[in-house]
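Next, two complexes with chain A in common: one pairs it with chain B, the other with chain C.
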Partner chain A sequence: MKDSFSIFVIPFCAGVLVLLGISVWKYWRWIRSFDKLQRAIIRKNIWSWRFLPAIWEAFREGLLHWRITKKNLLLGYMHRSLAFGWFLLIVVGAVQARLAYPDGHPFWMAIFYNYFEPECHPVDFPRAAFFANLMDGLLLYVLSGLMLAMFKKVWSRPLGMKRTTRHTLMDRVTKLALWSIFPLRLLSEAVTAGINGNGGFLVTWLGGVFDSIGISNPAFEYTCWMLYSVALGTFFSLMPFSRYMHIFTEVFLIYFRQLGVHDSNKKTGYTMFELSACSRCGICIDGCPLNRELGITNVQGVYMLQSIRNLELQRNAEPIAENCLMCDRCVADCPVNLDLSVIRRQVRIKNKAAIDTKQGYSYLNDVQPFNAIGRIAYFGGCMSHLTPDITRSMEIIFEAVGQKYWYMDKDQTICCGRPLLQQGFERQAFELRRKNTEMIVNSKATMLITSCPICYQSFKKEYHLSIPVMHHTEYIDMLVKSGRLKLRKDDRRVSYHDPCELGRGCGIYDEPRNVLRATTTLLKTDQEREKSLCCGFNLGNPLLDLEQQTRIRDAARDNLLAPHPDTIATACPMCKKAFTHADNIPVKDIAEIVAANIIEGSAQ
Partner chain B sequence: MKNFGFTISTGRSINLDEIREENISKLLEMVPSYKWCIGCGGCTATCSAGAFTNFNIRKIHNSFVRGQYQGLDKELQQCMLCGKCLLVCPRGVNTRSLIVNMRRILAGVEANTFKGKEVIQ
Partner chain C sequence: MKSISIIGAGPAGIEAASILAQQGIAVTLFEKSSSAMKNVADKTFLFPDFAAASDIVEAMNKKLLNSNITLHCDTEIVALEREGKTSWKLTDAKGMSYYSDLVLIATGYTPFDAHRKEELGYGIYNGVVTSLDMEKMIRYDKIVNSLGEKPRRVVFLQCVGSRDEKSGNHYCSKICCVTAVKQAIELKRCLPDTEAYVFYMDLRMWGQHFEELYRQAQQEYGIRFVRGRISEASGTFDGRVQIKAEDTLMGLPLRMTTDLLVLMVGMEASEGTRCLGKACGIGGEYGFVQSKDPHLNDTATDQEGIFVCGTCKRPMSINDSINDARSAAVTILQAIQ
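So, the complex of A and B:
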């Protein structure tokens, strides 16, 4: 095939080989280091139909960038034009080459079609002109995205981003290679068009311009194509070592996620997929309360993943992982749906190994079991003991509906273990969980209700109890819906604060709102549900001092006070405590509002 | 030695030579809010672990400052890090961080990257 080869295709081919080789090697290594549970889940689900939703999600997120589009139309357009546009450029190029060379062709023909086409093959397949114009249109589409990306580098606000990521040198070099690919392609095709008169509307026009200023000659043409090929080769060979590894990795990650694989407390191959699937888009930075209120801009998810993945930055991983409220705001914002808090916890667990304990909580062995047959268990939680109004209100509610209950931690609280786990004390947290599980199982209680969202998330996700676990807002909502509890509506105007652990942590947004609508007038705030602001007193961050926490709290308070409520409602003792000192406005837990609004004699 | 009917418990005796100044300065560096402590004992009164044992943050803090390091780490391990003490403290001392970092110092874990708010940034 003498006519379909030229020296300049070598850099491109070398790049593709390097990319393929390194990617396969990396993926193979990562898949082999999945842990036992993850392997079992994959084996169990690999022959199911779950690859269908995975393909759909990979198309929607990998190419169309749907979640980013929902955040900002322009930003979505930028990512889509580069990803989907380039994808189409390759696919349509391959179809075009296939039609032009029905007897087969080397694979680079899809990329360098315009250079080889005029010489070795006359344009005689049907709709050749259509394809040429389509390819030009697609190139224009990609170039429009590239212009937006360059614009974003100068001024990112119109694309919905206040701050963008500070990239490593490797990422910047790779981006330079990527950015030079498309202008070089336009240039090469235009020069070829100037000489041979082939191509679609765009390159023919540009070729005419080049011709008229007299720069379309074979030597220049060859140089342009060589540069184009070098840009491609450079990009492909740097890709596995840069953030652009996310292009392929995200597809794998989506597939594994659809199979049901999730992250564990140790770094596994799955974590490696997550690390590489981060495109370092920096969307996690803007929402982070540490950035918004304290101006700390180098500890967000993107920098954490970067520091774990990058050998040179690895010493930063430890302090970065510690400096986080674990409010999950970045997890809600992440367009790749990475489980950033779990990865952060992995780093914390690794760091705490040096001060891991062996004896721990032997004193808990003396706690006596309790027989609670026919009752439900109520776990106030450590924090609820500091807001006794909440636990008292819950007791009033239980009595109003005639529910027999066992107040599990009335005198002595065994912590649920989540605060320990968040700080990276995995084994100690396990010990507390084991003791609490033993207590609950032995009591034979039929249901567990807790007033603290931290405990709730722990009981729900980490305990694997066989009885239903409910937060008290869920429980009250259930009572109201089933008619066991009748509530009157008072004239309070209330704005509701979504606790991080209850909302983003467990997805409980509607139940508290239902209850509040039944008892008060619920107002809308700017940042609610997934976007709610952390109260700052979360136990996640061991480094913030009181003044910093207060600044975060004040921002959340201002958001709640914006619609001029006369009461702030929340569903977490910690948030209640945080807001109580913030202003003269009363702060009530939903349980308190309900307890004050029970219609007497409603119990059945 | 003549028995006078009373003894000195070695665990309770304060030996000023045992005090390691660098431990205290390291702790202050890691948990700057620690210097605001007025020793009111609110943390101890509310402590979840204190309801089961004689775990006493104030006592531990005193022992640490006086150089009574013996058995201190074992004592510290009883903490469940539940964070009640944080909310009770009238001075805003980061008590949980205090406990974790005391353990770091006692275990000799190099943690020079943990410098309160200057951590990073």
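So, the complex of A and C:
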């Protein structure tokens, strides 16, 4: 054993101190700025067993990168070898040092073990050779990931990515530091092995090569270790300011999420955790319909988070946040499960806060209350008023099963408020929600059914009603399963379009399909369920013109027409309207198909 | 002698055929339906002079009685391709092929399918009809609401499927404005007690006598014109139709209950126009076919031997179509000499 200290460990130690100091300071500040609700949730759940699933998820996602692996094996391997491989290098290195020096050692000795322990077989460490080989194996594992990462920079297609992220200068410098760490480690250990003959299979072999060309000398050895330490120190001190902050932050985020914390309409400390947990992997770019159909490649989730987090880019956040269909495709793709749409909405709300439209809500007072004891409430939604076949079909279905109902927005329509909220008009949306809630609560209706997925998501997630809320596809599925509604199967061949707000928004994928299987022949399309394509006529994006919307719509239509259906089925009035204008093929809502296939006298 | 085929036996096709036939040239005329003049036969009276459409149909059919004209009804030409250097091959839906040196496309228009504007409730509420349904009601003098009773109020809505971004038709169909005025007057002549409203964006009274007709409608017949589009229609419990609209001159939203809502459907390129335009590479905007030059050479096309006339190019009135057919006939005569 040499001295336990050498000058070259200073950059590494300084880096660790900077990283720890800044991280602790940042995390402490963010946790302090959680809002009241988030704090209450943490206080309530902190002593529960929820930390167990959090540990499992942190291991699975932070180290094994399971969700990325499911997307693409090679991409998953790349991330896993860098994360899990490096993690094991540190852990096994620590164990190795611990076993070699049972009496204790400074912490850097675990990192620079090979330099400080030139002995091949220390007397009191019988398993030294095994550990040396294990460490070399792990280093090789990490290096293989690094090779893949470099390959991905040149050609990302084999790793399942058409486009990759354009990084900021800081991110690129930090990546350079990260990428140089492992080759430098190999070099340093190999030179040391060339002089002392220690280390495992890999470095001994490489050391032999170095020795044979005569570059193994203590001065070169010292330089290499110094460079390795500088690379580590640079990476650690830049890490809190770069995308690599996600390495630690994701663990915290997973823990908070498991405790039940979620994002609100204002930027809080939790949002800061989300912003920093984004690794800027760029997986959100490929699926985005704006990228796929219109070639707009600078507004996706990764760039939005980047622009909010980065002080210099902050002025871009506003236009980026506006240019989005809010179809949640990126949310479904995100390997970190970030609430990208909620964060986007926060920016929109901030932009619109100054706009005052308090006037003009006086008409809300004219809406008459209704006593609906013993009835269910039916809310068609504004868009369903433009597709009256849907609401008429629902009325036929209610009558067929003898269900008493209150058609709450038949004459006097109040919007559910979600379109306003999605555009960032938080207070205005609140006014509408308040009035609707009052109407529903006072009517004493027992259940709320809506035909529009936008309203459905709003009632389900933003209203906090005490009665069950159902989309009509769920309701019809329930009627069919319970035997109250008997349907016949016709000879239509149908492909089903998953509306964004119903599918990705609320996770309703199976109920519409059950109903369609009961009434028609349901065909499979290439992009369905979580991967379904937005119809483009979503209310989320105020910036697209008709021609651009049409291009997005046509892509979704082509996907639906690929299996040669004779009807397109959907469960959203907006999607229905979008596709109706597209082609001569009939477009039907599920309610219409059901209403046409009721077996008379089936009601009980 | 060059052989000539004309696709479509409407006013344009027949007029061109008859002019060429009178010059002693043999013409083959193809019509996809069972008789000629199908679209005109759907009408009752024609603007602006209330001439009977049946008279026009009869007069045009008489022009077909020429030994130089061979008419193939129930023959839908679905493919048109070049055969050799100068000849064209026409294939019909049954697979029969015809060869011709010159082809005149007069495949015309089809009325906009009002089902596509679902918010207006056509096919959902019985009180919602199209301008073509209205023509039939006028012909049989049976203008009734959904319950078979005399309507107390009738609302006409302009620009259904024309000048409408959402349905993909940015263009003006040209004839609906004056048709609504004409139909409202006919309605008032049949049922003087019935109220008539016309909802419009602009009234384009472009032709001779149109403006006078519009003035008469207001002054003599008391028809009310409201500037604004109807956003949605819904049914009422008594079988009537409630509409929501905005009076843009008053700046006020309004609701109105009516017995009949008449949708003035616009013109769209017919299936034949779309298909043949694409087949021989002269497809233009919105599925219509494109002529060589709108000013100087409006009946020839970029494809040698293919000529176009009538509403397959753009929306036109009947008399414009007939005039256009004559100029096409002249162009063809020049081409064969």
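One rule holds in what follows: the second predicted complex is superposed on the first by the 592 of 604 C-alpha atoms of A that agree within 3 Å, B and C clash if a C-alpha of one lies under 4 Å from a C-alpha of the other, contacts with A are read in each partner's own complex, and residues count from 1 in each chain.
Criterion: a contact is a pair of C-beta atoms (placed from the backbone, for glycine too) under 8 Å apart; a residue touches a chain by one contact, two chains touch by 3 or more.
Not measured: the values here are computed from a predicted model.
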First, second, both or neither for A:546, with chain B first and chain C second: both
More chain A residues in contact [chain B versus chain C]: B
Which of chain B and chain C A:577 touches, first, second, both or neither: both
Which of chain B and chain C A:385 touches, first, second, both or neither: both
Chain B versus chain C as contact partner of A:469, first or second or both or neither: neither
First, second, both or neither for A:82, with chain B first and chain C second: neither
Touched partner set for A:367, first chain B, second chain C, both or neither: first
Chain B versus chain C as contact partner of A:320, first or second or both or neither: first
Footprint overlap on chain A, comparing chain B with chain C: 385-386, 546, 577
Chain C residues touching chain A - in the complex, by the definition given at the top: 116, 118-119, 121, 124-125, 165-168, 231-235
Residues of chain B that touch chain A when the two form their complex: 32-33, 46, 48-49, 51-53, 74, 77-78, 80-84, 86-88, 92, 94, 96-97, 100, 103-104, 107, 109, 113-114, 116-117, 119-121
In the complex with chain B, residue positions of chain A that touch it: 295-299, 315-316, 318-320, 322-323, 354-355, 357, 359-361, 363-364, 366-367, 382-383, 385-386, 411-415, 417, 419-420, 423, 425, 428, 432, 537, 539, 542-548, 574, 577
Of chain A, residues touching chain C in the complex: 385-389, 392, 410, 546, 550, 576-577, 580-581
